[in-house]
Amino acid sequence: QQKPSEIKIGIATFTSGAASVFGVPGKQAAELLADRINKKGGLQGVPVKLYFIDEGAGAETLTNEYRRLVENEKVDVTMAAISSGSCVNLAPLAEDLKMLNLLWDCGTQRIFEEGKHRYNYRSQANATPEMMAALLYLLKKKPDFKTIAVVNQDYAWGRDSWELFSAALKKLKPDVQVVAELFPKLGAPDFSAEISRLLAARPDVILSTSWGGDLDTFVRQANQRGLFRMSTFVLPLAESSLQRLAGELPDGVIVGARGDHYFLHPEYKDDADFKSFVEEFKQRTGSYPIYPAFHMAQAFAALEAAYDKAAAANGGAFPDREKVVDAMSGLQFRGYGRPITIRPDNQGLEAQLIGVTRTTSEYPFPIIDDIMIFDAETIMAPPGKNSLEWIQELDASFLETPAKEYKHGK
Amino acid sequence: MSHIIILAVLDGIAYGSLVFLVAVGLTLVFGVMRILNVAHGSFYALGAYAAASLGLGLTALGLSPWLSYPLFVVAAAAVGVVVGGALERLLLQRIYRHEEALQLLVTFAVFMILDNAQRLIWGVQPYFYSEPLRLLGNVSVAGITYTAYQVVFLPLVAIAVLVALRLFLRHTLAGAVIVAVTEDREAATAIGVDARRVFLITFIIGTTLASLGGALAAPTTSILPGMGADMIVLSFAVAATAGLGQIEGTAVAALAIGLGRSFAVFFAPELEVLMPYLIMVLVLLVRPEGLFGKATARKI
Amino acid sequence: MATHSSLRRTALAVAALAAIAYPLVTGSSGSFLTIVWAKALPVLGIILLLQAGQVSFGHAMFFAVGAYTIGFIGRAMAGGDLALLLPAAALASLLAGLVIGVFVVRYRYIFFGMLNLAFSMVLFSMLDKFIHITGGSDGLRIARPAVLGAAMERSDYETVLYYVSLAILALALYGGARFLDSPLGHALKAIKSNETRVEYLGISARLVLLVAYVASAVLAGVGGALVGAVQGIATPDYAYWVRSGEFVFVAILGGTGHVAGALAGAFVYEFIRSAAAAYVGDTWQMTLGIVLLAVILFAPRGIVGMAAELWGRITSASARHGAASPEAAPDAASARDARPLRIVGGGR
Amino acid sequence: MNALISVRDIAIRFGGVVAADGVSLDVFAGDHLAIIGPNGAGKTTFLNICTGYLKPQRGTVQFKGRDILGSSPRAITRLGIARAFQIPQLFLEQTVRENMLIAAASAARRFAPFARLADIPERGDVESLLALVDCADVADRKAGELPEGKRKLVDIALALALKPEVLLMDEPTSGVASSEKFAIMDTLVAALKERAVTAVFVEHDMEMVSRYANRVAVWSAGTISRQGPPAEILNDPEVVRTVIGG
Amino acid sequence: MLELADISVSIAGTPVLRRVAFRVGEGETVAFVGRNGAGKTTTLRALMGLIDYTGSIRLDGRPIDAVPAHERPGLGIGYAPEDRRLFSAFSIAENILLPARVARLSAAETKRRLDRVYAILPELAQLAERPAGSVSGGQGKMVALGRALMLGTRLVLLDEPFQGLAPVLANRYAEALRALRDADRTLSLIITESNPALLKHFAERTITIERGEIDGRAAA
């Protein structure tokens, strides 16, 4: 195989719509990472070039755009997408088009549980470990709660994440009573009625997997009306809102980041490469990287590792596309968290980092403290197993799942 | 139980007030100009952005946050006059002579443009400015904390706007002229009414109300691109439930929809999203011309 | 005069041949065009209703009914067969159109539009909510069906879909034009200007509208099924109001005076949209909006209206008495028609 | 002799306005009945009730012995009562010919979904009807472009295209230029007679009444104050005082 | 006082008025007659600026072509359209008063004009509080007439004002209009009518329009 002049990477992300709070940082990270790779001479000596398509443009335009990338722009690899809806749509298309696709951010656990893929790989975890980590953390930190309420966005993610969380909760702590299940619509501008109802129901714990503007609004309205003083909050996606919410989010809220990454990651924050990524991102965009930026980094790391592995298997010569695909199974790579492995079912094994908010003098917004990091295998369904079935088999021993714990500044 | 009803009513009133402010602007434009302004929600969003930007400016300058109240009105009027006025003058006026549906088309295109413009100007990260909400503090009802801003201030503003609009339309010459132009532009011209000006003013009032709604919503919500899209459908539903151009009807419909929503949250959360539409279908079943539909003039 | 109609016919034939030849010549599966053909169907449905002056802001619901129908049947039958799925989608949307139609044809203008919106939003919420049945917002996968018993590779399948959609659209346009020229079609137009008189001629305006409504529902349903078949997925936003709005938008953009407006509008809209998405990235919405504004201001009678005008000019230039030619006149006249299309009642 | 249309004791009021109060009237086959009376007396309201557009608060309306009160205008039209309006009711965006063809298609119940309207067998009748009311020259114009006078005439032709048994006309020629109206009415009335169409027409032009009516009914504030042959009624001093003027 | 020169109007490409020209003197009453579709209504609409035309219209020697339609009533021109055009959202009284309010007339002036209207059209006084959307055809004509008389201090344009009125009323109103003309010698009237018999008592002159053209001699 002749070395091409460039490796074209097609990336699906949200540049419009509510989810662009994730999509734009993801895009910014991709640009930064591409610059870094090219500065190093590229992948196997070949520079990369990025092509972005907008998930916010709707399913048809997105598929047409994806096809355009593959058929007209002749991209070599794609990274798609943020929304699980997009992934459900594009993964089979990638399979048909024989296009290597990295599911770089979408969370639905179903894709790899329901079918076999050759061209699709996920360079990160999925919804199951994300929810299990949050649940375990809660049960470890506050084992004696009696009531819980949920306020999730009314769409697949909000529903699915609650299904996973509540199923496991029922197995592990069957006496907990669910006092309110609220699913305000995606993008709801106002949660007053939900908050009144929560104030009236007085749950010990309130879970919300909401994100973006919805989460911000909910947190601010809840804070204003004293809900935080009453209940323990579990917000598995709030890492992405911390910098915006700043003083609005009190200390002691359980906050997750959908994986093993955080700009103050206890195991890597002093790592030179890590630091330079965080600083460069901050310098370019004005904010510290949030999880989509790290997810993007993982996808790039996977790609880099795959090219290296394929080249090695190819006797050092530049690999053709099928060889790169071959290299994906069992691939090991590291983004800016712990190393990640691609399982035989193409699902990535990524640890989960979770902690609680704490205000410090170092940053104008709360940071995550009392961090626990869970190993991936321990908190997700094994290959070929349906997550919900796996949860049904959990027992009290699950509560003993080990985690590494860290305190800020120690 | 009964205290839950009180809570639901309060939430319903707060939400309904906001919906009213936005929807009544739509109703006005729609009733007078027969324009279904799809971009109405964009004015709501622009109002919110403008208010938040001004508010954050206040903070940056270290001025008193109380100034935000008058500034909100100024921001809303500025958006209505500048953007609304420009839209009417530069685009809508060119096509009044053509099919009414074209106006729909123009406003749809403007909706797309303004949506994108918000993203370009303010970025994709949610904005917020909640000072005004804090200033008014909380009130406690049945042991539950509410913000005075939402359960007292917003309803008062809504009532003030309702009364003012009523007085304006019923008891001022300008109001009568607007009604006349609504009904028959040519006949109004023939008795000396400058219909072009009436359209411009009406449109500005309508868009100003939308952006006032946005400005007043700003302290309670996250401001982000596209926040207007849902407001449009909701306003449409309110306008249809109310009956064409019916100011009081809009108030009743907005309140009904606000109450419907909050009662749903308390008693049947699954129905929350459907509530406005269920109410609309029910109302139209009983009253096909809307709650306050006016009797049509006899033709034969 | 004969030369004009034959010129027209030639132009039509050339266009048809080009459409037929496209996949053969370019070797591409033409899925962009397949979507144009498919989306022209609901737009045609909207144009039918617009004849009666009624604007539906909810026709996306039938679009979704079509797409989800083939999704459900496909899921139950391990893919199913296109020859079964499309008629099933037509039937399902027909039934849905009938049930909802019976209710909404009692209403006019804004109330008609908003009731349709309400029903579509109800469907939207249900599709979104009943995750276990519909897949929620992630959508329902539509496995690639067999075609007349034959399993297909993607590229062959797409070619088949291209021609199936093209054939359905051609049939629908022809049928639509014939319908609008029939007594029923004219009665439909009559509803727009004077429903009282329609009733006083012994014609049931509601029944006439219902016929058009059901036809438009079927068109939307088949369009949705085809788009679903191309995309391999149905999502709740197939039923969202913005999509309904888009159908109306495209109809008016294309021109409501003629069935060809559906095709012209769908083509131009999809073309601008994908070009904008491909080349201007972040500002595609704004670009789309601005281009559309330009089209509206430049061609207020829609693309077909503009074309008719150009056509009139060309033919009157080529033949002295062209403008008076009966073949050219009807189009030019309807294009010139600037009567207000009422979305609200009353007024003059 | 049996009445074709038989109205008994109808009453209707709009708020405080009494538009009919105990009106009873028979229309016999072959009648050319003129209804006269001051403005606002209730003449149009009477036609509205007979055609099902308004429902009276009291009374009965029968057509050929059959109760039609509560039937819709559509149903009543189908029974054979056609109507022309005081304010013409046309399909303004369609051509005059299309207006007429729709009516003709409806009368013949031709609603095959893909047949051309322009090709219906009744198209010849339509042309002769248009000629009858002197509107052949505007057949290809959109109805919305017509001057007021022509609209009135097309409106009558539309009703006639339904081949009715009874034709109700509300001020058929008001707005039609006086230089033309008698010529047109002469042919129209001749045609009505030829087709044995019973006619009821509201009229303010007494010349029309005396020329074409065989009977006159005088409306006065929601009641019928006089009925009889034109020669008698038009010379009645009370009628002269309140309706015709000196 | 009023002078039309070369007025031409085309609607959708078809000429409707062709170089229409005539004058109306101060205090003069003109019957404007012609067959259906001759162009009477169109001429009045052009005068009111409600339709685009070419040519020139002068009032008291001053060209008013540049005066926008909504300012023409302010010149003292009242217009009663053939098809009534009432505002159904208002009562009859409000319909009649609205032009005066728009013109911001003083209360006294308004009352003076209103009295004049009720003197000419006494029937209106009884209808005053009725919603305009509900009146009968003939009643509607009366309201349109009254509304025009509120504004017309220099010139009143009446498009078939007696159409659909019971003869007793038509005669009485014709009488009243004559009295009005006799009382106010600065007021000019143009009345289109398809029944010239009604006008023969007081119209000084008849202008006949035919197929959008005016016979030059009659118009002079």
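Going in written order, the chains are labelled A, B, C, D and E, and every chain counts its residues from 1.
Just so it is clear, contacts are C-beta pairs under 8 Å (C-beta built on N, C-alpha and C of every residue); 3 or more make two chains touch, one makes a residue touch a chain.
In UniProt terms, the chains line up like this: B, C = Branched-chain amino acid transport system permease protein; D, E = Branched-chain amino acid transport system ATP-binding protein.
Here the structure is a predicted model, which means the values were calculated and not measured.
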item	value
Interchain contact steps from chain B to chain D (minimum; 1 if touching)	1
Chain pair with more C-beta contacts, A-C versus B-C	B-C
Between chain C and chain A, distance of the C-alpha-averaged centres to the nearest whole Å	39
For chain C paired with chain D, centre-to-centre distance based on mean C-alpha positions, whole Å	42
Between chain A and chain B, centroid-to-centroid distance (C-alpha), Å	37
Intercentroid distance (Cα basis), chain D paired with chain A, Å	76
Sequence positions of chain C contacting 2 or more other chains	129, 196, 282, 284-285, 339, 348
Of all residues in chain A, the ones touching two or more other chains	15-16, 154
Residue list for chain E, restricted to those that touch at least two other chains	12, 85, 134
Interfacial residue positions of chain B with respect to chain D in the complex	299-300
Footprint of chain E on chain B - complex, ascending	173, 176-177, 179-180, 182-184, 186-195, 294-298
Interfacial residue positions of chain A with respect to chain C in the complex	15-16, 52-54, 57-61, 63-65, 67-68, 71, 83-85, 88-89, 92-93, 96-97, 108, 110, 154-157, 159-160, 186
Sites on chain D touched by chain C in the complex	51, 72-74, 77-78, 82-83, 89-94, 98-99, 101-103, 105-107, 110-118, 120, 142, 144, 158-159, 162
Chain D-touching residues of chain E, taken from the complex the two chains share	11-12, 33-38, 41, 82-83, 123, 127, 130, 134-139, 141-142, 160, 163-172, 194-197
